[in-house]
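Note that chain A is present in both complexes that follow, paired respectively with chain B and with chain C.
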Partner chain A sequence: MVEPILTILADPLAIALTLWILGDIVVERSGVINLAIDGIITFSIAVTFVAVQNIGYVQGLLISLASTIALSLIFATFINVLHAPHVLTGLSLNIAFYGVGALIGLRYMKSRSLVPIGIGKPILALIGVATAVLTWFTLYRSRLGTEIRACGFNPRAAEAAGVRVWRTRYIATIIGYTLVSIGSYIYTTIYRSGWSQYTGMGYGFLAITLAMASSWHPLIAYPIAIAFGYLYTSSYALQLLYGVPTDVVNALPFMVSLAVVVIVYATPLSKKVAMPKALGEVYFREERAA
Partner chain B sequence: MNRTFIRVVDLYKRFGDVVALDGVTLDIFFNEILVVLGENGSGKSTLAKVLYGVYVPDRGKIIVDGSEARFSSPFDAKKKGFVMISQRPQLIDDLSILENIALFIGEPPSGTLAKRIEDFLKRFDIGIDVHKKVFSISYTEKQFIELAKALLINPRLLIVDEAATYLPQDLKTKFFEILRRFVSDNRAVIYITHKIPEALEIGNRFVVLRRGKVARVFNGAANPSELRHAMFGTEEYLKLVSRQLLQRLSKDSKNVLSVDKLVVLDDYGKTAVDGLSIDVRAGEIVSIVGVAGNGEKELGEAIAGLRKASSGSVKIDGFDVTKSPPSERTRKGLVYIPEDPFKEGTAVTLSIIENMRMYARERLSQDVVLDAIKKLGIVPENPAIQVSKLSGGNVQKVSISRLLLTMPKVVVAHNPTRMLDERSRALVLDILQRFSLSGGGVLLITEDVDEAVQISDKVAVMVDGRIAKLFEGGNLESFRSEIEKAMVHG
Partner chain C sequence: MARIVVVKRVLPPSLSILTRFLTAFIGFLIAVYITSVATGLGFSETLRTAFESFLDLNVFRYISVFLPIALGLAIAFNANLWNLGAEGQLVMGAVGATYIALFTPLGKMDYIAPIASLAFAAIIGLLWALIPSVMRLYLGVNEAVTTLLMNYIAYYFSSYLVKGPWRGRGVYGYTTTDMIPDASKLPVVPGYSFSWYIVVTAFVLVAIVYLLLYKTRFGISLRALSSSIAAVELAGISSKRLALAAFCISGAFAGFVGGAEILVYHRKLVEGSIVGSGMGFTSIMVAWLGGLNPIGIVISSYYTAALYRLSFALQIGSAAIGDALAKSIIGTLFAATIVAEFVSKYKIVVR
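Now for the complex of A and B:
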């Protein structure tokens, strides 16, 4: 009984997805629409892959962290300092980041695969649960998290309360992309252990969608990520065992996500976990509210 | 003996072509409550926001304890011990009371903090669950939470920007006591208001702003007449508001609004209006006075069609509109002026003229628009300016302007003069009187007993969703104390 549950909870794709979604939640809770995440994930997978291949596993993690955070800071600067529209910035940066990732990957790749890290299931499962709980604790029980959520609800009122909105959004971006980077690392070195051009493309958008489905709540996001990962990786088995048609199997994870969205939004739960209302609002300090 | 705490030197701040502060210089002493008075749009809030770091001035200095302080955000101002409570509560609706206060004082929202806050509020007889989300609490509670959070960090300067002006009298008295005690200990309060009686009640010294400049400073005693002259340059407007009953239409004109045994629920499903009936005839002004929270808001919304009536009926100009949508009621001749001009009365992201076109639902000539702006004294007199850039009182005037743009039969207005200075208030009351003289009916839902007795033919006191008492005929001013008693005791 324990074994199959552990297998589900330790599914490396589900764990990577969990970290990506949680990272996205932290960024979006601060009020920033995080569309650049897709380009950044694609990029960080490429960087992780070549860094691990060329230098080593630990160095690879550090290089991935540093470069992922660097890219996210470019994104954050467009939003916070240059007051660029969030959606446009995210989408155009994505295109640039896909390109840079592909370039680095193709230039430094030694072979198409690497030796996957052998890591115990309990540890992997723990990474998923612990990150979800920690993210929740940070957002809902700490001073910083309260500030981050305040910026996502109403940046002007947050500023009036003495929160430095742009600084808080930078910090949220750094925390969020630290998680994203670790997610990419797990994806590359444990789940996939291979790379080709644009590997990972689309996962960022998936993470954004599932974060939204969870109404940006870490403890709702976690089961969604696990369920999604399970259905996604076991779809082949479903097909073999029960003869479910391929199209249905492929659509299943998405249908389950939709079902979760409906459940979250149709029940009193949605009242309890308010969405970040100022998401995507271009914020200038001096414009008046009252 | 007056030791200087803060010097404000030659502050200048402009927004586009509006000069909000035009060289303001003033001193703030220790242990004083300095009142800043001024008409709507005179620059009071701008001054407050510059002192709290929300706006960076274009020119000028703030000198604290003898050395210059530069604030680039409220964060910096708070570090100097400056705190502002603003005109509209600056709380985050989706966070709990606890989280809002934690955010402000820079602590995690812990259980121990919750305890501290509850103890603090208990000292003012306010028992409230601090885990409640802010959107579910009343305006009054929000303002007290603002005050509590400000006092909890022990500031040296407390700037109160019309934050107590709209509180019920008993709480206001409590608020004032707190402020008086607060300044006794090497601190200061800047108390901003446009209400002269309130200013005289709380102030030690008075600074009057006019069009962004310091018009006059009163070091010590001031009298209302002098203050009025400094604020408006005139007292003439006082004559506008006198009863013009005799010229009114005959008593047996027909009802333009009839509310019959109306029952309305509030947002939480509790009965807010409890079988209330009231009629307004053509040419008549009827006031409903009550302490906020007795169902006034729900009554206004039910008449306007914005809230469902559980039972009873509403008739406009003889037509039963109980089941009609708001647009249908407007077509039958109703104009409703909601209480909150920011949230309900205007679309703040649109310009003045766009808002007016929206009310009128037809093309408006520039002349009609400019005329409405003039009649209400909206400043700046620029129809193209975005409403969010106006001062609070002027936003309210834009909300009121709808009654000048169409030919309504009946106007229902909820606290329409709440944010207005004395002169603008007189203009609006005059507009309501003229409207009734020309045969329109007015239902004025207000917490301002003065205006009710000044311009009405009848005053109904609303308590617990019902009309507790009706006063009519003769000199309503003589019933004032009885009215006030009825408001509290039913």
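Now for the complex of A and C:
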């Protein structure tokens, strides 16, 4: 009884998905529409792959973390300092990051695959649960988390209450993309253990979708991530056993998110679930008389 | 202590336009330089290839995609509605056109077939855009996120059709439908992959959208929506109906392009991600690059189309590296225009 449940909870794809979604939640809770996540995931998978192949597993993780966070800081600078519309920034940086990631991968790749890391199932399952709980604790039970959520809810009011919006958003971006980078590392070294051009493209948008379906709440996001991880890894079996077309399985998360959002908005639930209201708003800190 | 502050400023329109052109030009030179380093071609050689792609008649293949979609999006963006679903609306339009061309008797009638297919494609695109707009206007769901989701639903829907019920009988290993009947095809210019019919329609749409946005009551109140909904409502116009119309027009334009892609370029339905191939997303940047102004969009769609051509010229060496290089360059150029926009609207002061 315990074994099959553990297998589902320790599914590497589900764990990677969990970390991506949680990372996205932290960033979007600070009021930033996080479209650049798709490009950054694709990039960090490529970098992780070549770094692990050329240097080693531990160094690979460090290089992946450093480069992912560097890219996320570019994104955060566009949003905060350059006051760029979130959506346009995300879309254009995505195109650039897909390209640069693929160039690095093609240039330094030695072979198409690497030796996967063997990690015990209990540890993998623990990583998923612990990250979800920690993210929830940070967002809902710490001062920093309250500040992050305040920035996502109403940056002007937050600033008036003494929160430094730019700084908080930068911190949220760094925390979020640390999780994203670890997720990409797990995806590359444990789940996929191979790379081809643009591997990972689309997972970022999936993460954004599922984060929205969870109403940006870490503890709701965790079961959703596990469920969809399970669904994806078993989509082949579903097709063979019940004749469910793969495309239907692939479209499912998007349809479910749409349905969930409609239900939440159309019913009194929307008053219970606090969503980041200022999501996507370009925040300009008005000058005060000096 | 020195503090860095960002303050607003207003550049005169001429300077602001100059900034855009300068960014586009400098960005272009940098792109050529990086390309010449990466491919090992000489700088002047690369520059010549790049200029050739600007003069190549095949830019119309991309202009006929970017121009109509970006025009439609400009209408929606002017009303401050974030329609990010052009990609999905395009794919659904392609599905609609294929349906008329392949599965109805209309598809075999001369003259009627292309018109009916394109009209139906536009209608399907409109309906696909109607779903998120109704959700936005009557339930308050953020339209940027829902339109983005619906792109993927459209992708998978089209892939499901070509792998399942619509799969062609004579295609063997490929996941496509059968070819559409000859009567439905639009003639292409010999040696190129675009049709003058679509190009001319696109330029007619430029004139129509220009008149609509700047010379009619509808357009003026639409543009007022982004600054003050209350002012529009006080003028006795339903802001909801206005926004709904703007959204639907943008969906219909994208659907029309999807239909045209089938009748001119693909000539059968293929998987959704191949029909769209990210051009719907690029059109968002095109619309914005052109300053949401119909005339500006003509220029920006030409510029972007030429960059797309360039990316194919680069793929002579290795298709994989060429594509990655093209993506890096196009993405960086788009990001550079965002910086240009910042420079023309704000300045950084150290005090």
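Observations
By our rule, the second predicted complex is superposed on the first by the 256 of 290 C-alpha atoms of A that agree within 3 Å, B and C clash if a C-alpha of one lies under 4 Å from a C-alpha of the other, contacts with A are read in each partner's own complex, and residues count from 1 in each chain.
By our rule, contacts are C-beta pairs under 8 Å (C-beta built on N, C-alpha and C of every residue); 3 or more make two chains touch, one makes a residue touch a chain.
Here the structure is a predicted model, which is why all the values come from computation and not from measurement.
By the touch criterion defined above, A:259 lies against neither chain B nor chain C after alignment on the C-alpha atoms of chain A. Of the two partner chains placed by the overlay, only chain B lies in contact with A:161; chain C stays clear of it. Contact comparison for chain A: of chain B and chain C, C touches the greater number of residues. After overlaying the two complexes on the shared chain, residue contacts for A:149 are found with chain B alone; chain C is out of touch.
When the two structures are aligned on the shared chain, A:282 is found in touch with neither chain B nor chain C.
In the superposition on chain A, no contact is made by A:133 with either chain B or chain C. According to the touch criterion, the shared surface of chain A, contacted by chain B in one complex and chain C in the other, consists of residues 285, 287, 290. For chain A in complex with chain C, the touching residues are 33, 35, 39, 78, 81-85, 87-89, 91-100, 102-103, 106, 197, 202, 205, 208-209, 212, 245, 247-248, 250-251, 254-255, 257-258, 261-262, 265-266, 279-280, 284-285, 287, 290. Here chain A touches chain B in the complex through residues 141-143, 146-147, 149-150, 153-154, 156-164, 274, 277, 285-290, going by the rule given at the top.
Partner chain A is touched in their complex by these residues of chain C: 5-8, 38, 82, 84, 135, 139-142, 144-146, 148-150, 152-153, 156-157, 159-160, 163-164, 278, 281-282, 284-285, 288, 320-321, 323-332, 334-335, 337-339, 341-342, 345-346, 348, 351. Residues 52, 54-56, 73-75, 78, 84, 86-88, 90-95, 99-100, 102-104, 106-110, 133, 342, 388-389, 392 of chain B touch chain A in their complex.
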